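Here come two complexes built around subunit A, the first alongside subunit B, the second alongside subunit C.
Entry: the complex of A and B
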């Protein structure tokens, strides 16, 4: 925000269009007018971006000021008399718009038949695809169309010029057609000054000026992170999403939270009928308050409407899939599971699932199947990890991602936040740009290093040694500096995770909260699913289970540990899967593991059914059902409830799967504010020779931990995504 | 008529060398300078009436006094040596023939404004000039005139030469700052002005080479010696680059306030080949043209030029004889500014393009009289409606040609050829 409002800023009075308006010192005319409900047209201004003053449409007349200052860049002053909509100004704007449109396909904009054409489509084919609006992905929400109407522009005196720039389509998510670009520079500014991806730039100059990348590199080569923020702010159809491009304009938008990573970003999903058109600001608005990353922005539609989505229950008959009804499928499952009750049974769920589903799944396992073998896949390196983190948060207060901006120095430990938690990366970059200390340590250099004041590289698998050194140094410090440690994959997923986490928690506890910890949990509901009891040693509310079950690794560790598995999502095929007596997979797609499944159930995801999650900050966030999904899809909770009924056991819940237990949400809320005091101790100085395993930052682990949904690999689902992630 | 203030050392062999320059008085003012208080230096410069020699003519001393006090941030000086205005070739003489005068001026200015880091932004095309300038700076460092202790005093001063990459717009002061910062040369919106938020967001003064080079004389001889030249509001001398259709084109140092025609006749040898005068461009291509009639009453100073509806500009006088095809000249002019537009503001980026297309159309004989009116309308829509004045630098002169020589455009519209060609045929 450019208009930083200081706490003690003076209040000024000025007159806008003969209305007296109160405003704060430092505000621009545009901001003040907008606050007073006065519309000033503009194409380059956006509240979330620094001002540029390029389009010149917001020019206003100020008494005693020379010329026509732009409202977006001129600070308001006491007693200013401002006119925003005189005939002279409107004429001026009309002429500027005329100039803008002289290089933008405008045939439809000033066509006499515009109204009829929009309503009845009677002359759709009057103009070529490149000279009019009908084939533009932004037709209907274009800011130029609005302005033409607002300024009543009916004629353009310049002949149309088509720049004839070949559209760029070489990335998986969006297309760039700079023939439609009006050079407002919003994409350039959001890329450089909000996301700090530093990919887009103005190239060439004058009439030949274009948006592009330095040295004509491809987006990927130039370092594009595919956050899609540029598409959200584009006022024209110059940048458009491949997925929703031809779906048409959305008919509804809903707010929800993203469940791909642990941050749980708020997002707006625009839908048309049963389809997601895109994720981004509501149509008609380019204001982009919820910044997202590649996964949140582009994957939901690609994934949910994937052509390979399985929408019917299937039974495996000698290696061939037979489509069956739900009743038939549930009968088969019930019949087989009756034989496998008790410790022979295991259930593996997903940390992408909602709290509600997780709660019912563990209840099914523990109550219906009388087994304690319930866990998530991928599992945490030790079962109590989330509870340890929770206890820390509950006793020291939850750490939010915006704490990154207020800490004095930030340690980023063993994390590839650029891809795994892009919004946290964004906050780190913001903190760095604001002059904060950013200290990065990892076994490989990540892009975060570019935004760091210090980078330390440790050997692969030696994170525990670095951690030990760091925590001992910090423990000696007596300064008042507030330190935030962002704890990433190499620490959390290492086979030494318990020591690592203990070490950090010990430091944090002893520092009296001067050192705070933010744990980068990979999936959206890792915290919430564990809290809801999807854990072999912990019951809902993190209560210790009297009977301890096997975790995912042990269930799959050796063949015949258990004889039946109910799996939500997907997991890597191992020998144990092949030896199972009975295997149910409840997923969106057939995967390599499906080959060994006896029954396959079509899954209704949280995008289709809603629910709640607890993000890595420990906030309980609602998920809304975005699209209805196909009729035959069912939630994991619905499916196990059906199984229980078909087995003749007690129903797990009555009524709706989205509210399986009246006590659940209150339990979650209570737990989040309450924790045990933990006794943490510093670990012994680690043996330098032995290296940790599992947590290392590589493209492979990145994909394993972060680019999956319910275990389904995203690069397998989205063409070219693997190429984007190649480093 | 000619005087030798700035150009005193221009004709001395090897005057760019420190040894030679020192023999002829370079750095002699430093003694006096460091005995003065910085505020007194500013006061002296204010009294001298020195106006910015880049074209706008803003009083230099007044500009310096806009610097906010005690911000805790460093103050920067950027010396604008991006001499790119067509027909302007005065600063290059200073850079090559008396670079030590510039360096001495920089020391004076920096002492006055409390600056310890100076950037000289020099246009990329000045390849030999930058070499000589850099040599001079290196010599000055070696001799202790620059560096940690300027002339043995407790005053630190670093001078860095920054070469442009060939963009006219980088002569605009905020685009110049962007370019030094390593960004694309695009002007910034003002306010805030560079004196408050300039280079790297710190208070910054930007002065033209000639302005800075005038300082040693003012400090050495005093403001009154300077105001002895020129007029009341246009004090001092100026380097004039006279080009075009004259017998003796070249660079001449003259006091301000001389009659235009006197200068043309007595200094530059009159219009060449005995031809008649058609017009005079008074100070670089961006200043509106004076007709032969207007030139009779105009004098070379800020006030007279303003009275004649034009600007003093950069001292680049272009003389046009009666064979000049004004329409072709205008096309050439728009072509330059269109090519140099940075592309930030709609009116300039798109508008200049259309002005060029329309002028080309007229020149090719395909224009109509509405086109001439459209050109005038475009001038109005573009001028002063952009972040910087680049677009105005194009539209102001174009409007003057359209108004003063409209008959030449009409000849093209009606006869499809220039007035001259049509006249010969008819």
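Entry: the complex of A and C
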């Protein structure tokens, strides 16, 4: 659609710094210059926000135009002759910057020893109060520093005004030091105009002006969602993550996708050595320009570098953990698993894992162990759920999260998007602000209700009744209104998930694609892992398996259903776990379930090993290895391959664990674009449903479904997260 | 963070009285967006209560359909909104050029002595509060004093005495 707009809009020619540039009508000078690769300084402009014109640093000289218009607010016109860097402009900008800096600890910026200090770092660092760049968490990425270099500012004529405001450290994830704030307003605008969190505002006026919250409450009291957008847009070190504060300057930066929830946001991870310093969103991303959520922004570092992380294989010797080498651990596993092959064995993986790992894990189970008992934890209420969703996408086209903005009305069904899928929540809020109809139905009200035109509350566990009423109403409607239904936890994880989903799919098909469905999958790779075959009834590519296995609920439902389990991640302890003959846990941490494990293997997560995932839209997204991780960590694929070799069975993959099979990625791509290969003779299983009791959405189930990584509870790992979620 | 005692909670719920309620509804039709009502609503509150409390800010935000930070922002920006209760008689003395030149300081000094309040203070009995304000727009008849919104021109200590006596 944007392409057609581009071709329709008039193309103009203008000259910027004696370079002729082509641009489209309606563009501002700043936009046009940026597109042409010409830098114009600005401390307040952000592409994702309306033009503001606050800092005045972007002023330019335009021939035959009075004064110095700001490039960020002046639309470009045919034949304009623009200069961006004349001596006069630089002098004016220098004066503005001098004024800004007089209230910002600037000593390092204009220090005589600046060069030596940066090179040899002979000054003291890491002190409680930030009095210069060398002590600032933003050193090196600071836009003020950059501007001082650009404007060649070497002296500030005004006296230093140090505001001496104590730094605010009372919120869990970030610190605020208002002594560094230049009041550019980016955080206030992104909080209110992009995230609609509506927490920040300018308080007081003149010299006393500050960024603050209503009634001077703490961030948490004021309703902060801890999306971290304010930190990402801050040009100074005024806002900084607690996580990486003492790690130092990042020495490298990599792009990847987040795997916490099904959206798969693009993110940039800054690292130093083996540590994550901080995480930022990708400014140009289609999904999440300048945006992440609490989990993606603050959790990865805390989780991966957690002091309790287990980095060596262990064997359980009468309740005591004995550290062993990988060879020893694999020998013990191989020896024990040889006795338990076939239906005796079960493998439970995680939907946070990559498709590569999932593929190898199911291959290990099916080929090496000759068992069909392979599933994810937590499992879907019925095994074919993802396949059903996939069939819908394959026949009606994938629904993307940006479709929320183009639909005429949006139904949000049984979802807690504010915490579970924050970027989708953001799209819902945007749609609401754009005057779209947003109809929310859930058993407990969340903040989404504030951004809805209608809210219906149904009793806990009664989602099917509401759904039934809604679908029959909509089926009667004959209008041309395009409806998007965002289907959340209460529908997907209900005891009646199969009926609910069939009901919705039926409506979608009958409406001739007027009603479209977006399923909120909780984990990053639920779709991809199932596609790669981590399912008791489905082979890679969603082909029906001849031999059907037990799903997670059945493996764990009855003691002695199976005798050996290989588990990736963690799961709640039940009686079945205690009765196992042999239990391998491959995880990042010792958990309550580890008490019953015979062997514990240290896990290399996708953050450390990379791979691919398929997000809830059905896009194949690459994950890069962010940090190398400790030497002894191994991926799930690597571990089961080792087990197979120690058992004397066929090697599972010849290449690397990150690319185990040349056929895998083409298979995934092909399945996603063309849909599943229909197999003749494969019967749809009319199996009785597993009666899992996870259909009730409460604060607890929210945590269970959305705030875990590989089954490990994130609030348990990061106490600050628990504090935020406890309300 | 700014001074946390800046806003005062009364502990009582705030609500417009019938007259202000009607006025609010009348004014709301004048503006294209409801957010434009922030300043008039704060003004109505001050008319009704004499000052703006934390509860009033929450009420206004709710009434307009915006968020509290937005109203708080406006209330803390404009100095003419009082965020604490003022005296029964709120005396404003202009301190801008003309009034300054024509010796507004004498009036301030007199008031400090007579009723014991300096600018920004409230007398112990709560009867008087004093504030120095920027130009009141009556430069031709400086110095100007405003008592509860009423103008008194060409003021001096003598006239101030009579004025105070009249207030007793």
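Just so it is clear, the second predicted complex is superposed on the first by the 650 of 727 C-alpha atoms of A that agree within 3 Å, B and C clash if a C-alpha of one lies under 4 Å from a C-alpha of the other, contacts with A are read in each partner's own complex, and residues count from 1 in each chain.
We adopt the following convention: a contact is a pair of C-beta atoms (placed from the backbone, for glycine too) under 8 Å apart; a residue touches a chain by one contact, two chains touch by 3 or more.
Since the model is a prediction, treat every value here as computed from it, not as a measurement.
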Partners on subunit A (subunit B, subunit C) - clash or fit: clash
Which of subunit B and subunit C A:95 touches, first, second, both or neither: first
Which of subunit B and subunit C A:55 touches, first, second, both or neither: first
Which superposed partner A:70 touches (first subunit B, second subunit C, both, neither): first
First, second, both or neither for A:208, with subunit B first and subunit C second: both
Partner chain in contact with A:321 - subunit B first, subunit C second, else both or neither: neither
Segment of subunit C intruding into subunit B (one of 1-9, 37-45 or 109-117): 37-45
Subunit C-contacting residues of subunit A that also contact subunit B: 201-202, 204-205, 208
Complex contact set, residues of subunit A against subunit C: 165-166, 168, 176, 178, 192, 198-205, 208, 210, 212-216, 222
Touch list for subunit A against partner subunit B, complex: 51-57, 59, 66-68, 70, 73-75, 92, 95-96, 99-100, 102-103, 157-158, 182-183, 185, 201-202, 204-209
Touching residues on subunit C, where the partner in the complex is subunit A: 1-4, 6-7, 54, 57-58, 61, 67-73, 76-79
Sites on subunit B touched by subunit A in the complex: 167, 169, 184, 186, 189, 191, 338-354, 374, 377, 381, 384-387
